[in-house]
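So that you can tell them apart, the chains are marked A, B, C and D in the order they are listed, and the count of residues begins at 1 in each.
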Amino acid sequence: MKKIGIVGFRGYSGAELVQIGKRHGGLEVFLMEHRDEKAPAKGLATMSTSAEAVAEQGLDGVFLATPPEVSMELAGGYLAAGAKVVDLSGAFRLGTGENYQRWYKEEHTQPELLAEAVYSIPELHRDQVPGKRLISNPGCYPTAASLALAPLVDVIDRQAGVVCDAKSGVSGAGRKPSLTTHFCEVTENFTAYSILYHRHVAEVLQNTGLREAEFSFTAQLLPVHRGILETIYFRASDVKSAAELAGMYETRYGNEPFIRIHEPGKVPDLTAVARTNFCDIGVVFDGRTKRGVVVAAIDNLVKGAAGQAMQNMNLALGFPETQGLL
Amino acid sequence: MKKIGIVGFRGYSGAELVQIGKRHGGLEVFLMEHRDEKAPAKGLATMSTSAEAVAEQGLDGVFLATPPEVSMELAGGYLAAGAKVVDLSGAFRLGTGENYQRWYKEEHTQPELLAEAVYSIPELHRDQVPGKRLISNPGCYPTAASLALAPLVDVIDRQAGVVCDAKSGVSGAGRKPSLTTHFCEVTENFTAYSILYHRHVAEVLQNTGLREAEFSFTAQLLPVHRGILETIYFRASDVKSAAELAGMYETRYGNEPFIRIHEPGKVPDLTAVARTNFCDIGVVFDGRTKRGVVVAAIDNLVKGAAGQAMQNMNLALGFPETQGLL
Amino acid sequence: MKKIGIVGFRGYSGAELVQIGKRHGGLEVFLMEHRDEKAPAKGLATMSTSAEAVAEQGLDGVFLATPPEVSMELAGGYLAAGAKVVDLSGAFRLGTGENYQRWYKEEHTQPELLAEAVYSIPELHRDQVPGKRLISNPGCYPTAASLALAPLVDVIDRQAGVVCDAKSGVSGAGRKPSLTTHFCEVTENFTAYSILYHRHVAEVLQNTGLREAEFSFTAQLLPVHRGILETIYFRASDVKSAAELAGMYETRYGNEPFIRIHEPGKVPDLTAVARTNFCDIGVVFDGRTKRGVVVAAIDNLVKGAAGQAMQNMNLALGFPETQGLL
Amino acid sequence: MKKIGIVGFRGYSGAELVQIGKRHGGLEVFLMEHRDEKAPAKGLATMSTSAEAVAEQGLDGVFLATPPEVSMELAGGYLAAGAKVVDLSGAFRLGTGENYQRWYKEEHTQPELLAEAVYSIPELHRDQVPGKRLISNPGCYPTAASLALAPLVDVIDRQAGVVCDAKSGVSGAGRKPSLTTHFCEVTENFTAYSILYHRHVAEVLQNTGLREAEFSFTAQLLPVHRGILETIYFRASDVKSAAELAGMYETRYGNEPFIRIHEPGKVPDLTAVARTNFCDIGVVFDGRTKRGVVVAAIDNLVKGAAGQAMQNMNLALGFPETQGLL
């Protein structure tokens, strides 16, 4: 048994982490009470968020399900106290402080931690995690987009550009009440936001090698609780069929426990991935005009947040990567 | 007062036509009972769907809110009986029988009517309606896409392709029960269908002059009752800003009563157009990378079906185009 | 033309009032900007909420779509400035300060205004409105319950008690964001609150003459935007059939423009009343066991708030009661 | 390992059974293909629905997630083939053929099986299951109502009557498409049906000893996928407080693994029980007027169908009652 703490356990991702942690089997879970965030009495131990408490309690790992500025404030102390840290915020996702400043419009206050951090979608970066203390968990949109694009980047016509039309459930906007998440504003509605300029674009570029001019992205709010579906459009002059592309996905992901490839011409929906850590991918291709569409679906709170974070914590602490997630 | 009949008044588009007809002010509405479709007793006159009945009653116009095969069967008789016909099905939308056969996978049984018919999105084709007896009302998806693209086609980089990611409410799938429209299959879900090969693509190509290889389209099912939102991606090397594009829309549509252009950088949502005949359009453009996004929203049952059909009937019968619709 | 002002025009009821006011035909509408609530630029005149402004502008009437404490603060000044006031809050609904204190848990700060105010569900109290300056618009739940119970109170077995199980859409909770109205907390959920002790109970008792021990009420939150449906259970030893009861409703409400009685054994749903000022009522009765159920449905924002307020303003200003509402 | 078959695995309850069966740990699951219902290729064995096949395969148990007439047709053969049968339909729920005829409006074709069958909500009837071959699984509404009422029946004022206002998600209406379950008819709506005369009333009377004249029940359709919440109103002259009642529930259900009692004055909602086998119960009581409300919530597909059926199968086959369900 190892000990892990969760900061931000009341948010939607944090609550999902608590559930996954409870059924993990190898973890003792501590709810770390940040400021006036009191833990509900549900049989889990609680503790403070101080680095001293982490050292005293001897935590092996800490999840930060917190805003970037809180993650920057807390991460260093936990590392010093000997814990591995998996951060779910955007604080350590972009490789350099310049890049962070460009996309988050704020100065990065912990450049040394940023330099130390490793960014990990396990299916793409798992080899880089062992030995690292600070793991940056990817954003929800970039997880689906990067997994869908990684096998394609070498065959697509990059100059023709890639379009990623992304749709997310409301839990992606967080649990903090706002007019944006008010039921009456969301039900029977559908809204596009952050068109072309979403922060998550930077991650996709970083993960795929695409240039900004080659990648158009729109985030949109679906009237559903959870789930992300991305419809990605591309051209590929040298590809002949959807079967050929599906074969490339199979080659790349055939052994991945959390990726399921649909048969050629079929695409996933949200229901199939709800409350799972799966990323489902399907591809359609018109061999005559060389246009293709790949659809990727995940649960934004699981594979897009808490589930993937547990994959990363498992890698960091030496558990099987799938523990607690199947 | 003119007399109009509605075939298919029980479907969602037909029921919307009944409502619009009742508040029109210049129309006496007859519910035409097709086969075993009995009219509810709601104070409107009923009649049979025979051509003789149309002649006897002296109908000035008939709306066909019916499947293509029923429209082909009924339209000719009504024209012979002296009525103008506005057909909401796909029967007369594509200019030639070959094109119909290609996209609808069936032979067209009324080639002479097809040759006579005029296709009309009034904002693009209203000059062609006067004097015509058979008006083909456009599909819901092509209405939004064509209105959004018409002002753009001369400035976009056609070889880079246009992507139209379309989302529709469930009423677009019709009132006939099926597993696809079952509440439990739709709620908390989002599904892509007819990827790249939707019948409506043919109409957009016809309306915009784009070639098939230049236009990628995906239809998707939103968990809402009504509304279509289309997110359209393009490149335009010679454009400098969203303001420039918004200006082009204003020039084209400034006097249109049913088109509202958002200020540059702002885009519409579904709520704003629900239960109206408006098409709302907004455009975002990145002058640095020359990539743009235009978002168009309509109510699929109104501007995408019954409302536009009334615009067309108004044109055909000599009423002001907006009567019954504001 | 008369001049009316609306305070609280940004809330859901206030926004509904703006829409009704715009299509009324006899009203010039002013948006009265309370504190930092700026009016959107939509072609309507704006003004301040001061009593001086009301006098200067010569307003004939003011709607207060505000919390009770704001209504108490503003109403007196507007009356002094010569305007009629229709208040949509709970401030003036209960006849005495003692009653107000008991149900609202706060002292009433304007007992003289309270004594002057007239409470009006027009179908029950319209004779009392003419000549009054301050009209208290009923709560949403009591509107449906009182209209459903008024024709029944003399035939039901009072000692057996009446149960009113009420369900409301989320707009009833107001536009202010809170966890209660967060989409993710509401969708796929259903929640009971204020069981037995809801403030609105006092109004129903006042309107029907039932005693507290005879009336059990539960308010519940439906995952819909708008609408209230109340399922009301009673016993009536001397009644023989649903038809007999439906006849009593017809006798009472047969000439009411906003009440529709279903045929015996049929009950209404929310869709039928959405965005209308109707109250639909249907009754089921088991003559053998003498148990009955009456179901009443309204749109909480229209007949339950803004629509009924306009009925009352029409009465106060001398317009036909239905103007702007059909 | 024991072998069980599932007839009707495509329906919502059947599909839920498949999921529970797969994670049970002690069961080998066979999908039994009824008529033209082909099993999807998902790694589970398939077989025919003939009694010979059941004998040949040596099934230990069969779940019938089928309509009553199919259950009557199939059950006898399976018992003869040596399998225990848990039937999820209404075929064997009412003790006598007369009662069945009265509530189901059809003659019971298998009176001997009916006489043999045991009806089991395990928390109320588990002692009667061992040794029985045919177990009748309760209806969804009666499960919640009976569990909520069982501890109360001796303290409530029966002559004052009990009101059960029940709300169910759409999956309770089954997977077969109909206008009733069409998304556009359900979303933003709420509908009452089978007022006072629902078939499930008979079960509640049977389970609680209440007489028909003492129990008023209304079933209503919520715009949610899954979940039942029942708001039950009663009077109890000799009760003093909610705490006293909560204590009675604790006494009765304190050791039940699938029943959770809320603290006095608090009530459950649907989210808390979604996708679980729990029945959550909370009680409110006004000691002054002696009126009470108990709210019970279950997932209609789990505790209201498949989960409870697995409890019963576990009892029949000798597994721990909770296996596969926690």
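As a working rule, contacts are C-beta pairs under 8 Å (C-beta built on N, C-alpha and C of every residue); 3 or more make two chains touch, one makes a residue touch a chain.
Quick caveat: nothing in here was measured; it's all calculated off a predicted structure.
Chemist: Which chain pair shares more contacting C-beta pairs: A-B, or B-D?
Modeler: Higher contact count goes to A-B.
Chemist: With chain centres set to the mean of the C-alpha atoms, which chain is at the far end from chain C?
Modeler: The chain lying farthest from chain C is A.
Chemist: What whole-number Å value describes the gap between the mean CA coordinates of chain A and chain B?
Modeler: 39
Chemist: So how far apart, in whole Å, are chain B and chain D when each is placed at the average of its C-alpha atoms?
Modeler: Computed value for the inter-centroid distance: 47 Å.
Chemist: Where in chain C do residues touch at least two different other chains?
Modeler: 169, 187-188, 223-226
Chemist: Can you check the complex and tell me which residues of chain B touch chain A?
Modeler: Contacts found on chain B: 160-161, 163, 165, 167, 185, 187-192, 195-197, 212-213, 216, 218, 220, 222-227, 229, 231, 233, 235, 267, 269-271, 274, 284, 286, 289-291, 293, 295.
Chemist: Name, in rising order, each residue of chain C that touches chain B in their complex.
Modeler: For chain C paired with chain B, touching residues are 187-188, 275.
Chemist: Can you check the complex and tell me which residues of chain A touch chain C?
Modeler: Touching chain C: residues 12, 169-171, 175, 177-179, 181-184, 186-188, 223-226 of chain A.
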